[in-house]
Amino acid sequence: MVRVVGINGSPRKYGNTFKLLKVALKVAEAEGAETELVHLIDYDIKPCIGCLCDDQKACRYPCVIEDDMKELYDLVLESNGLIIATPVYWFSPSGIVKNFIDRLTALENMVVVDGVSWVEGKVAGVITVGNDSGVVHVLATLYATLNGMGFAIPPWAMAYYSQEGNVLADEKATLAAANVGRAVALMCKHVKHLERKWYDAELKDELAALARAVEDEAREVERSELAKRKKIFEKALEKAFATDG
Amino acid sequence: MVRVVGINGSPRKYGNTFKLLKVALKVAEAEGAETELVHLIDYDIKPCIGCLCDDQKACRYPCVIEDDMKELYDLVLESNGLIIATPVYWFSPSGIVKNFIDRLTALENMVVVDGVSWVEGKVAGVITVGNDSGVVHVLATLYATLNGMGFAIPPWAMAYYSQEGNVLADEKATLAAANVGRAVALMCKHVKHLERKWYDAELKDELAALARAVEDEAREVERSELAKRKKIFEKALEKAFATDG
Amino acid sequence: MVRVVGINGSPRKYGNTFKLLKVALKVAEAEGAETELVHLIDYDIKPCIGCLCDDQKACRYPCVIEDDMKELYDLVLESNGLIIATPVYWFSPSGIVKNFIDRLTALENMVVVDGVSWVEGKVAGVITVGNDSGVVHVLATLYATLNGMGFAIPPWAMAYYSQEGNVLADEKATLAAANVGRAVALMCKHVKHLERKWYDAELKDELAALARAVEDEAREVERSELAKRKKIFEKALEKAFATDG
Amino acid sequence: MVRVVGINGSPRKYGNTFKLLKVALKVAEAEGAETELVHLIDYDIKPCIGCLCDDQKACRYPCVIEDDMKELYDLVLESNGLIIATPVYWFSPSGIVKNFIDRLTALENMVVVDGVSWVEGKVAGVITVGNDSGVVHVLATLYATLNGMGFAIPPWAMAYYSQEGNVLADEKATLAAANVGRAVALMCKHVKHLERKWYDAELKDELAALARAVEDEAREVERSELAKRKKIFEKALEKAFATDG
């Protein structure tokens, strides 16, 4: 059994963001996952105070800030997949989503504290909804963020909608959301056993040998390439002088 | 056996972009993958002419443009994983990488022609190298792009370096590149059998029922939520009048 | 006399974000501006509740939410220029900066209420500071955001730093920050008289005639271009059949 | 008199990208500017070969590559404003636009060669057109790019359209494009005399004194702030031990 948590980052608990997220979760259920939908607006999530800039190891689970994030950390830790659905405010996630993400650092930064990110190998999907535009900009940012924390991203883990009106009347967006639910659940099943087993810090021992081999190859290529490039420059130089004269 | 192709998007065949890519491929090999490294600068890749804006189905494999992209299409089709390494020119991939990506549309757009993207379920990793900055901006764009074509992205499929000097002297970046090779090879093994089997167009048949159920739930929440919101507005209004008077 | 307000979005009131911002403000002063530096962490800024999705005109100044944003609205309205300095948390501004930006909508959305954005023609600069990367991604997002609200952006209105250590020891970043202060103050002087006078809604009356003229020109070009494109397709088709046979 | 050049980055010389650009230029003319529209697809623009990574000063005007970019460099140098209109291919500008931008480096990098970017103080506007989405992602990237080269950006220098169908039937997008033309022409008039006079390298002489003053202030704040932070940690630690015991 896999568990998929849906995070609704819209303060409007009944809007298009909620609707696409709910569609995704229902399909994840049909695919065999247990699901839960969380409205971030119901939680008091204080801003991150940036402890790790003072001391790299100060940022860890449990976070020093006392608020409702405590419950959300547990939800994330107990899940195999996370679908973040956010409205697009000024080409970015809403402020509450951003606070949620900043605070997730306490799980990711365990890589510094005990050698492994506590979300590594979990699976992520993203849903973005705007009245206008910016949906892909947010999506791209969240992909880089979640993958940089250690989440895997299944094919087409994205659904977006940037028009006014009820999103459920838009087949394209609704179908995309349905497939987000499906892909996240499917990927959870295939990589669940690999949680916290992706990143291999021991590759460090092989880096010196690797680097040497690559450096040798690069040097050899460089020699012949730089000769070619020199010719291009000389030709341009000659021409410049000819013009001057 | 899985196959991972590395795409070097730098015109400098001996620079930092090449070096990190080569490290990744060597580790992918150690993980059991066959690999091949391609220098895009060696290929004549003409710009996409945007056929699909004239006719959605006009963009398909084989592409109407005659150039060296033909060979690269074959390489991509025969691979299970793709690692794109690009220099960062003005906070974006180099122009040759962009032309390569635009032209990949001929494989992805097969979803319109025969119902499935021909790169769906392949695995992607990204390496970005700049002298200065923008490495994450490019990474985020390429993640959205590749995932939007149907590629899966394993945990930490990214390595970047934004300083001057030989990247191989930077352990952090080199270790990240090594793990990109590892993660891409590992994910290839786990999802290879799912190529072209992720996206489920038949979910379309269930959308109407799904939409109805979600709409009902949203309406119910909306009723109570809007009442709460109305009170906030009324209170603000009252206060505004009180101030005016 | 022009007024430039600096917004420090870092919870650490003594860190690199603060330092670069202070450098910028000092140079703006030398250029003749009055300045003020605000630490967002000292203000209670609640998340935006997205009123405008319920009713486009519901979002207006004064905002319905009662908190310290009231003071910040006044500061922004009385300024000619704004320099936003933010730490980079997960390739995005900190959550408090995002809440500040979301809430600025109450000034910008006056365009719907009384025909003009209340920040139109003010001048913006951006400073981004990370330990690692993403500084340009944030910068690009804030540029689109601030310009989309109506702010002008002078040449090189950006400074960024993505390494560890004291930023003041890095001449390049410090010089960039100094020039942000200079450029913002300089631009304020040159466009101050144009505040709320840039966007011309009355161009609407000329759109029909404009559209007709442009449409005619496009049609003419289309005729000859499509003929050329058709030939490319026919040639590709012929070749495909020749290969099949 | 000011001069505004419009760059059409779409291979389709009759499509929506062209149409919005033409609207912008016509309004710029009504505002008193001379204008010229260039279709990039008519020019042979080879990819940048990254000379400056081999030698910082090797990248300069005239560029060593011999192709049609020569004419475009002249057009840019003789203009006061530039409006770049690009189709959105995979959340990015088209490959030909990217090659054009990469090659503009030869003008910008004159900052290294003779102390000033040759496009500094020119004015930029951006138009992005897609069938689907990503228009803001491209816009944000181009803003960071153009401003990083030294272009000024007037209020609302952006127009975008991400739907199918004739853009001229969409009043919102067409009006936005008209205002791009107006704002670019207007800003050109106000800052034309400042071309190549924005960035002040001589601020370098004042950096040491500035840095010292800022450092002193930061240290003072740090002392009191770190004491407060220490208390938060101690409280969290105590609680953690209490729980353990």
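As written, the chains take the letters A, B, C and D, and residue 1 is the first residue of each chain.
In this text, a contact is a pair of C-beta atoms (placed from the backbone, for glycine too) under 8 Å apart; a residue touches a chain by one contact, two chains touch by 3 or more.
These figures come from a predicted structure and were not determined experimentally.
Novice: Note the shortest touch-path length, in steps, from chain A to chain C.
Specialist: 1
Novice: Looking at chain pairs A-D and A-B, which one is connected by more C-beta pairs in contact?
Specialist: A-B
Novice: Using mean CA coordinates as chain centres, what's the chain B-chain D distance in Å?
Specialist: 24
Novice: Please tell me the distance, in whole Å, between the geometric centres of chain A and chain B computed from their C-alpha atoms.
Specialist: Computed value for the inter-centroid distance: 12 Å.
Novice: How many angstrom lie between the CA centroids of chain A and chain D, rounded to a whole number?
Specialist: One centre to the other, that is 26 Å.
Novice: Please output the residue numbers of chain B that touch at least 2 other chains, ranges allowed.
Specialist: 12, 15, 49, 54, 91, 134, 136-137, 140-141, 144, 148
Novice: Could you please specify the touching residues of chain C with respect to chain B in the complex?
Specialist: The touching residues are 49, 51, 54, 58, 62, 64-66, 91, 133-137, 140, 160, 162, 226, 229, 232-233, 235-236, 240.
Novice: Where on chain B is chain D touching in the complex?
Specialist: Listed in rising order, the residues of chain B that touch chain D are 10-12, 15, 41, 47-50, 52-54, 87, 89-96, 98-99, 101-102, 105, 131, 134, 137, 141, 144-145, 148-149.
Novice: Chain A touches which residues of chain B in the complex?
Specialist: Residues 12-15, 18-19, 22-23, 26-27, 30, 120-121, 136, 139-141, 143-144, 147-148, 150-158, 166, 168-169, 171, 174-175, 178-179, 182-183, 186-187, 190-191, 194, 198-201, 203-204, 206-207, 210-211, 213-215, 217-219, 221-222, 225.
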